Every structure is written in structure tokens, then in C-alpha cells.
């Protein structure tokens, strides 16, 4: 059983269900990627795992504990970090203040963690006193990820982190994500850029219309002819 | 109990309340209340047209009511001989200059859009020069006008026409002002629109208060003519005296009541006409489109509806109705008192009427107008009666009792506020909820 | 040379000193309004009455202190009463939030509903205040009235024109500086203050970060009540305490907040002074100043006044409307939706 797993999840936004018996999981130090066509339910799966949606069926387990009924803020306390797709930084506050707010639930000294984040994202150290709203798209994503890392989470969940950034920035972002995973944090990522994402993935989940279509390692999925034809443009 | 049965019962209840006051405090008071209720109902109708039909949150009804009253002056006040000769041309020139300045300013602003400081600077210069020119033209003209018979006049006067025409003119004047105001401010988000309309209506009142050449300012314009007979004339007529004694009363009392009944008749006619037209409009395709826009603006826009134009239409119509009511109020008062236009009484109180009556529903607005005005006025005597009752055990000059009696007048502010809060929380649809079609 | 100095003294006496005092009072009021808008996301029409309530509580305690022969030397006794007045105003605001605004937060009501609700609260506060102290004028200033008297100034400098500085004016500026400095320190250097800025900036992300919304709301009301009481009391000390005056101050305060940028504390302060000085400079009669500065042949015969003093408050209305129509985000605002 994976460290974090959402088992057989069926849920939706009120009317019809979007996910039908979907299962997604990740282990520490692993990068798990959820891909699929538009409307497949990728973001819904992410939100369900984080507690922003109620589950009609299924459950979410973290380190063998059932967290299905916990609110998002409580899941943060249990060691989950979430980087939303949009509006993921405090634009009027400086980079440093953003990181401080990320660590809000911690009452201990956060200086070491902040130093680690600056190690990981050196550009943030340079711009620590600048308002986050003045940074470029890629830099803002780094602030968003850094913010989530300030609670020293065991799992980091990212919702389409490379949406709207240029290919070079995307590569850089993915490099950083690999480094984060290397520190032992489990990474669960939803991505539109399926090919590049699967490239760095240890585990890949292909969702189609709310169900698991293919589940395998990233490399295997990339090599799979059907997957390539259907989702990766050959 | 079906809703329509309830509605009829509520209106009947209002009638009973008014009759109660008639018996308890005198028919004079009751009829005065009735007349004011009708005027308030029309104002509430105007606000409801803006809010209920189109979801426009404007708190500027005070300004449009005052403009209606101004129409009363312009249409029916006696012309002041010599005033026009003294300064009429200067004033007209100045007004023309102001309008030109405004137009030029807008033109320059738009032409220099996106040029940052230059835009502000050049527009500012144009406006400043225009302003100085207008003042140069108007200053001496105003001084000359105000010198013509300052005790009794000191202003331009009116056209000396029957005052009942001012009701229509008031509506038109308010509509014109609303068109200008709407054109510039309807694009604002709801709470910004509210603040902007509040500010604009305050500015309108300011101008009316201090431009003596137009309105005599704080000296007021009194003695405006009437659409109904004067009591003194009635009392003097022997035919009337005979009739009065024949119904067991005397000429003085009867005259006062008859005059008020005449007003009531006129006002009710206007109310029923406006209500009828509003209801027709609501049920028409136009009304359905307005409500569709109100309920989902983005969808309506996507379907090609010109939302801005529709909003402007509704804003103008609602303001026109408010203007008509304002003219009617000045007619009833027989005078134009710029200082009487306070936001509490003319804007916020009207909103209380709309909310309590039932926003989005014309009949609700009318009922709200009646109910809220009734209790606004009756709160003081009722409060005094209640306090007298409660403190009947205390000595005649106990400080607490005296203080309470003194403050009875302010009870109505408290009660009105509490009622509004309670209605908003527990009965937000009001007394007569909107009927979903 | 003396002419230039005389002209400067006139400007200082009639524009600069009153402008600084009035600007401080407006700034404090605007800060309260902008805080509520930034954090609680609605325009609080009842803020003028909140200022009146705070001033009233302070006045009552001041009377009590005065009746016990307690004073504050040359400074107004009202300053001693301020903490108590503030506490009472805080209680009032918190009770109102619990009874009224909290519900609408839970159901996520639209901004229009919030405004109508705050109108209801305004009615209630208005009625309560008049009920307790009545509508008449009250003077609450005591202690030394002037720090500098015009005559003394003229004697000391030998100039024709005098400069008078009232204690209440100096107190206004001093208190405002203290209050603003503390507020900025709180917002920028403390964890709680930063959490409030975060909540105001991005509510969803703030909740995600574990910031407790009810705590933020509580602190906002506490600060707003304190600012309102201070602003109301200072204004009452400077002029006099009349309940209905505070409703008239509502629009200039909103004007200040909007000119500066609704939601920005720095903007509220800048806006307060912009409005105050605009009101004074646009309605000032420059005749005497120009008489000093220009050669005798060019001395003006008219008052040289752009708008009559009657229009003083209309200036702030006009600025409010113009800013809303041209640049609703004001000088420092960023939020556009």
C-alpha cells in the first residue's frame, strides 16, 4: 500500500460524479504523475485527495491512517502540502513573507527551513524582499512551491505546475521537483504536459473519464504504443 | 392563505391603521399621513425599478427627488421681473460654457487615453480654463440676479405655469440627470456604484442649497401655487359653508379635510398610473429580458444583449419616477426647501421601504412605502404613549422619565434600523416577495 | 521679505495647520474603513456612526473624570478617557459582528446586501447615540486650548499675521502619527498582522495556510473600533461633539479611502491628507496672500476664491466621484474585482 493513496474514489461537484472508482497513490521520494485528456478528472482527483471535495465512495489513506474526513487545513498539519494552479501566492506580500505565511501553522523556528527553500530555489533568495506579484510566471511558481514546502510536508501535491509557463521554465521547474523528491518528499502531480511529466515520473496514472485507464511507471507508459497514440501525440 | 389573499389583507391592514390614526389623532393627521405614504410609495417604486428589475444598487434617490422639487420651482414659481434682464444671459452663457468644458474635457481625456501624465495634465488644464471662463461669465450675472428684490426673490423665478405640469417636468429633469449620471457611473461595481451615486446626489443637493440665483438656496421658495383649492377660499365660499354644516361639521375643519382628500385623489391617480405601467413593463418581453440580465449578466451579454444600454434605460426610468414623486412632494409642501433633503430620509429610508416591502416586487414597494412611512411618523407618538405607560409608576419629574420622554423621537431611528436588520435576516424576501415567473 | 513671511504665515495658519489636523482625523477614519473593506470585503456605511459611538463613550467617561476633578493638565481629559471609550467601542463592534455581519459572512452574501445591512446598523447606532446623549452640541475639550496664540506669535516675530495652534490640532497630529506607526508596525512586523494582510490578499490561500478567519475578523474589528474612537474623539475635541456631524463625515472619509486606494492602509493615510488639503485650498480666499506677494498695483480686489467655503465638503464629494469614475483603484490600490 502506498504512503498516500486515494482508493476507489467516486465523487463530483454536486450533480453528476466526475470520478468513478479511481485510485491514485504515491510513496516517499517518488514522483507520481496524473495525466489524461481534458475533463478526465485530474484536478478533481487532486482536490479529492486534499479534502476540498466530499467523497461519495472510497477513502484517502495517509501512512495507514484514514484521513478521508479531515479538512484541508488539518491535512496540512498531518504533513500534506498543496500548490494550487491559480492564485497560489500572496501577490502583495514579499517572497519572504509568502514563505513565512506558508509556515504559519508552525510555531517553531523556521529559519532553517527557509534556508533550505532558498537553497532549492536560489532566485528566491535574490528576490526575497520583492512583492511576489512582481515576479515572472515561472518565479511565482517557485514561490508557490516554496510556500508549500515551508511546513516540511511529507507529501507535496501540485496542480498543473507548468500551466502557462514557457518550455525552458518548465524544464527548470521539473528539475527542481526532482530535487525536492530526492529529499524524501513524495510528489503527486497533475499535468497537462503529459510527455515531459511522464519523463520524470516514477509512477504514472492515466485517467480517462474519471477512471484509471493505465497505471504503470513513467517510462513504461511512455513506451506503451497505445498510450502514445491516444495521449502523447504518437 | 395564498399570497394574493395575504397581499390584500396587508393593504387592508394599512387602511385600518390609517383609520385608527384618524379616530385617535384626527383625520387631518391621518390624511396627511396618507398623502405622504402615497408619495413615499411612488419613490419606493422608482428605487424598486432600478434594484428589482436590473439589480442596480444606487443610493442616490435624494438627488433625483430634489431635482423633481426643483422642477416645481422652475415650472410654477412666479417669474421675477428684472432678474432675467439682469443676469439671464450671463447665467445661460456660463451654463453653456460649463457644458462645453465638460464635453471638451471628456473628449480630450478620451483622445489622450493611455498617455499617462499628459492625459491628466491636459484634461486638467482644459477643465480649469473652462471653469474659470464659466465663473467669469456667471459670477457677475449671479450677483446681479441676486440683487433683484432679495427679500422676496433674489433669484430667477419660474415660468408661472400650473404646478401640476411640474410633475411631468420633474420626471423629465430627473431622467435627464439620470442619463448623464448613468452614462458615467453604471459601469462601476455594485458597492462603488452605491458610493458614487451617494456622492453625486450629495453634490446635487449642494448645488441646490447654495446656488441662490436658481433656488434661493436656504431662503427657500415658498408660496408655490396649488393644483387644489385653498382652504381660505373654501371657507369663504358660502356654498361650502352650507355643505359643511349639512354634514355636521364646520367650514374650517371640513375645508382642511377636503383639500387633503383632493390631494389624495390626485396622488392616488398618479400612483395607480405608475404602478400600472410598471406592472405592464414587468410582464412584457422587455421586463423578462431585464430580469434575465439581472439574474445572469454574463450569460445575457454572451447572448448579445446590450447590457449597458438596458441598465441605463432602467436607471433613467426609475429616476424619472423618483423625480415625479419629488415634484409631488414639493407641491404638497407648497415650498421648495433644499435643506430638507437629507440622505437618511430620502435615500436610506426609501431603501428600507423597498427591502421591507419586498424587493423586486412593485406591489411590495408600494406596501413598503405605506408601512415604513406610517411607522416612521407614528413611532414618536407611539413611543411617547409606550414610555408614558412604562413610566407611569415614576414621579413626574424623575430624571430617567424626562430623559426617556425626550428621547422618544429617536426611537424611530432605532426601531427602523432593527426592523431592517430583522427583515434582512429572517424575512429577506420582504412582505410581498417577488413572484418568480 | 516681511511680505513673503506674512503670506507664508497666513497659509500656515489657515491651510497647513488645520489641514494637518483635519487630514489626521480623516486618515484615521479612512484607515478604519479601508481595513474593513480589505479584510471583511465590504463598505461599512455605519463607520461614521461607529466614530460617533466611540466619541460618545469617551465623552461619557470624560464627564465622569471631570466630575471627579481629574484632569490631564494642559492636555484634554478626553485623552485619559480614550482607552475606556475604545474598549466600549470594541465591545459594540464585536457584538454587532456576532449579531449581524457574521451571518452574512457565513452565507457569502453579495456586497450590495452587506451595504444595506450596514445601513441598518447605521440607523441603530444613530438612534442609540441620540437616545443616550441627545442631538445637541457638546464641548468636550478642556485643558489648555492653545499651544500658540496668534497674538503671542505676532509679538514674538513682529509680523503682521499671527499663527495660532490649538492643542487639539497638535494632539490630532500626534495621536495620528502614533496610531499609524503602531498599526504599520503591527501589520508588517508581527505574525498576526501579516496573517491579516495575507487574508486580505488571498482568502483561499490564507485558509489553506491555516490562518484562522474568525481570529482575523476579530482583530480587524478591534483595530477598526480603536481607530474609529480615536478619529471621532479627535474630531470632537477639535470642533465639538454633535451626533449628526459624523454622518456628514462619512463621505469625506470614504473619499479619502478611495482616493488612496480602497484596501490600502498607506492609501488611506495619503488620501486623508489629499482630501483635507483639497477642501482647504480649493475654498480658500487668496486675496490677502496675493496682496502680500504681488506689487501694490496688481493687488486683487475680489476674494480670489475658487469655490465658496460653503462648498468645502462638496469638494470631497466631487473628488470621490471623479476618482471613482476615472481610476477606482486610487493611488495605491491593486484589487480590481
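So that you can tell them apart, the chains are marked A, B and C in the order they are listed, and the count of residues begins at 1 in each.
Just so it is clear, contacts are C-beta pairs under 8 Å (C-beta built on N, C-alpha and C of every residue); 3 or more make two chains touch, one makes a residue touch a chain.
These numbers come from a predicted model, not from an experiment.
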Chain whose Cα centroid lies nearest the overall Cα centroid: C
Chain at maximum distance from subunit C, centres defined as averaged CA atoms: A
Centre-of-Cα separation between subunit C and subunit B, whole angstrom: 31
Whole-Å separation of chain centres (CA-atom averages), subunit A against subunit B: 58
Centre-to-centre distance between subunit C and subunit A (centres being mean Cα positions), rounded to whole Å: 47
Set of subunit A residues in contact with two or more other chains: none
Touch list for subunit A against partner subunit C, complex: 72-73, 76-77, 82, 84, 87-93, 97, 100-102, 104-105, 133, 147
Complex contact set, residues of subunit B against subunit C: 55, 57, 59, 184-185, 188-192, 194-196, 198-200, 202-203, 206, 209-210, 343-344, 348, 351-352, 355, 406-407, 410-418, 420-421, 424-425
In the complex with subunit B, residue positions of subunit C that touch it: 42-43, 100, 103, 110-117, 119-128, 130-131, 134-135, 247, 251, 254-255, 258, 308, 310-311, 313-314, 317-318, 320-321, 324-325, 328, 337
Complex contact set, residues of subunit C against subunit A: 191, 194-195, 197-198, 201-202, 204-211, 334
